[in-house]
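What follows is a set of structures for review.
Heads up, the next two complexes both have chain A, just with different partners, chain B and then chain C.
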Partner chain A sequence: MTEAEIIELIDSSLAEEFELDREDMVPSANLYTDLELDSLDTVDMVIVLEGAFEFKIREEEAVRAIRTLEDIHRFVITKIEQNN
Partner chain B sequence: MAGQGLHRVAITGIGIVSCLGNDLETVGSALREGRSGLVVDPERQELGFRSPLTGQIKDFDPKILSRKQRKSMPDFAVWAYASARDALALAGLADSDIQNDQTGLLYGCDSSCMAAIEQVDALRLRGETKGIGSGQIFRSMTSTVTMNLNTLLKTKGACWSLSSACSSGGHALGQAADLIRLGRQERVICGGAQEINWQSMCSFDGLGAFSVQVDNPATACRPFDADRDGLVPSGGAATVVLERYDLAEQRGATILGEFLGYGFSSDGEQLSVPSADGLSRAMLSAIEQSGLDASEIDYLCAHATSTPAGDAAEAGNIRRVFGDKTPRISALKALTGHELWMSGAAQVVYTTIMAQQGFTAASHNFNSADEGTTGLNILQKTDPVPPGKVLCNSAGFGGTNSSLVISYC
Partner chain C sequence: MELNSVVVTGVGTISPLGNDFTQLLDGLTAGRSGVCELTDLEQVGGLRSRLAAPVKGVDPKQIPRKFRRSMSNMSVYAYLASQQALLMAGYPEDQLGSGDLGVVIGSTLGSTETSEDFFKDYFRDYSLERMKTGLFFQMMGHSCAANVAQSLGITGRVFAPSAACATSSQAIGYAYEQIAMGRQQAILCGGSEEFHPLTVATFDIMHAASTNFNQQPESTPRPFDQLRDGIVCGEGCGVLLLENKKTAQQRVANILAEVIGFATASDTSSIANPDVGAMAGCMQLALKDAGLTAGDIDYVNAHATGTEVGDIAEAEAIAQIFSTRVPVSSLKGHLGHTLAASGALELSGCIGMLQQQQLIATLNLDQVDERCSGITHLQENSSQPVKTILKNNFAMGGINATIILRSYVND
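Moving on to the complex of A and B:
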């Protein structure tokens, strides 16, 4: 899976789960102030990412540090690299 | 009667999602024409239910709310939102009128079964609690309706749910009216909501309390009739907007009715068999608070669910209050089935629809009384005379009773 494919899978999965407009999903978009997610949504974001990539997310501190869509991209790409 | 220092209470809005329809016109025509909302559920037959009969919500679009909004809501909370939205629109109340600390929410609700099942299934499947997702805790509580409506409507006053089995909706309206009468709230959006899934009904079915007249679902529920053999479970959501009468008048609202009295009582006897006098004590209390004489009540919307013991007990209680000259009586559960937690609120919505549309609905499927249900003036045909001074009864497991008096004239 290329980085572009990973990013597309992340964005499409989050767009479906949270009914987000793809035009708003620029890498710099802040999850909370721009995409209007809240702390409860991060619980479901973890489930969505685990389902899409078939891994388990144990890095709760790292998840809490995520602020932008790009942070998610980097988090997932790093995690896939580590698993490989 | 307002009483010294107490405020009068007006009904200014109603809304409903029921097995008879999802708007006031459709529900009104079903009541007038005697169109049943009851069906046979094939899944219940396959699962081994004693009775597969149920009410069914049709043609409801849950996408009136976003997926994120619905994540914390069971289906009946979405129905409650739809009925509240419609009731507020009818009342002519805008967001700016209700987003203040003088506007409250009070709904009757006594279960939320699906979330409890789904969260346990998710934990077992995923092996960790964070796999359950964020919505189930909010979906699983019996206060799910009021907590969700509060975040959607952004009211700032009273916000709680009331659980008293099948009188939950009746008590919710009564207590909402009391909050206004006492000057604690200027308006309360109140009602009842009831889930309809088989999962929430299987243990009730196991008690043998449901009708097994499956050949014709439309005639299975037979309140007060000698051939009644049990209730038909149903559900939905009903909302009534109650307002301080003077404030409703000041803003030029159309007043649909006046809420005159709320009486409550409990039996203090058995779990599932109503007492000989419990409901009559609630009726007498409501009539006393209303300032009316019992003889002025011209229509009684009965609780009667079509169980042999329950209908006979209500009939006896009605005779205790009205003697041998009862008001016109109908039991709408013949068409709707038993809407359980919602039913006490739904009765007020149905009765208000009748008053607005100019008729009183018949008590369908009643052919003849038995010894227990004799002596009642049961309406067997739709009456072109609408309800004027009305008494609405509801009663719940454990023997908790609610009676409401409303004036439409």
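Moving on to the complex of A and C:
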């Protein structure tokens, strides 16, 4: 999977789950202030990503530091690299 | 302690006959049936009934995702019906969060469909790792009431009676008492129900679901008719906005009717079968609460679901009190049995009857069963003066409820 494919899978999964407008999903978008997600959505986001990429991330400390869409992209790309 | 008078100022309905009060009333008055054959039910092993009275044409996406994520269909219906009731009442938006407005909306269960989806997934590997946060909020017993309060910003009392077919009658009755005592100035109250095959099965295993009319769905259920063969399960939601009469008058609200009496009582003779004396006793209690006698009632809206046992018992109980003096009908022939929603949807129909001064006949009542013949059945709509209506709901578990409604003339 290329980085572009990973990013596309992340964005499409989150867009579907949270009914986000793809135009708003720029890498710098803050999940809370720009995309208007909340703490419940953050829990569901982890489940959506675990389902899309078939990995376990719930207990990872780095998840708690995620603020922007780009943070998610970087986190997932790194996680997949580590698993390979 | 002086009690407040309680009035209805708004009605919201999502029903098998349409998704607002006007469509409901038009359908009832025209004698339309909301029942259809659901061929999907053929796939449920052992289920003989293929019938349902479903809601059609509701788009949940009209509700913002933040609120919708915690809603199953029953809460979607409750939210939309509540919105309609507030709009009809012209209830001031800035009063929603005043604490003066409460919510009393119940359901038979939390969402069975959501439970099914969860357990289907859970039993794959007994893992909870795929469980999303919205799940509990859809399965909890007070899902409808909590979702309505959260999504509309209502900060008064919130509770959710659950008594199967008497749920919304109890909700309306308890709301009436809360306002009468001055604990709240206004309450959105009623009940909501979403269709699931398990509900049909519940009645089918007790031989209480309609099975003989799978190919003629509009001919069933048949309350009080000699060919009746049981219940058809429906879904929907009815919500009334009840208000303190004084505050409603102060804000020059259009008053639709007055709630003047309520009773609920337990029938311990059986958890499933009704007792004539207990039914009659509940109606007598409601008359006493309203300060009325049987002679003051112009029409009885029966619970009558189209079952063998229930219709006979209710007809006998009504006959004990009213003999043949008062016209009686049931709206289950039109709507099926919308269970937790039935009290509120049918009471909405009664409010329409008061407004139109026209009583609505029992649909599919062609030949009255002799054992139900001790009362005056309405087999055709009847335009006549109607001032006071007594409405029954009797539920599995031995829960009886009766509400008395009176017409109101605005200045």
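Just so we're on the same page, the second predicted complex is superposed on the first by the 81 of 84 C-alpha atoms of A that agree within 3 Å, B and C clash if a C-alpha of one lies under 4 Å from a C-alpha of the other, contacts with A are read in each partner's own complex, and residues count from 1 in each chain.
As a working rule, contacts are C-beta pairs under 8 Å (C-beta built on N, C-alpha and C of every residue); 3 or more make two chains touch, one makes a residue touch a chain.
Note that the structure is a prediction, hence the values are computed from the model and not measured.
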Inquiry  = Should chain B and chain C be called a clash or a fit once both complexes are overlaid on chain A?
reply    = clash
Query = Thinking of the overlay built on chain A, is A:V63 touched by chain B (first), by chain C (second), by both, or by neither?
reply = neither
Key: Which superposed partner A:I77 touches (first chain B, second chain C, both, neither)   = neither
Inquiry  = One more residue to check, A:A29. First (chain B), second (chain C), both or neither?
reply    = neither
Inquiry  = Can you give me the overlap between the chain B contact set and the chain C contact set on chain A?
reply    = 18-19, 40, 43-44, 47, 50
Key: In the complex with chain B, residue positions of chain A that touch it   = 17-19, 40-41, 43-44, 46-47, 50
Inquiry  = With touch defined as at the start, can you tell me which chain B residues reach chain A in the complex?
reply    = 66-68, 71, 130-131, 133-135
Message = Residue numbers of chain C touching chain A in their complex, please.
response = 65-66, 69, 129-134
Remark   = In their shared complex, chain C is touched by residues of chain A numbered 18-19, 36, 38, 40, 43-44, 47, 50-51, 56, 58
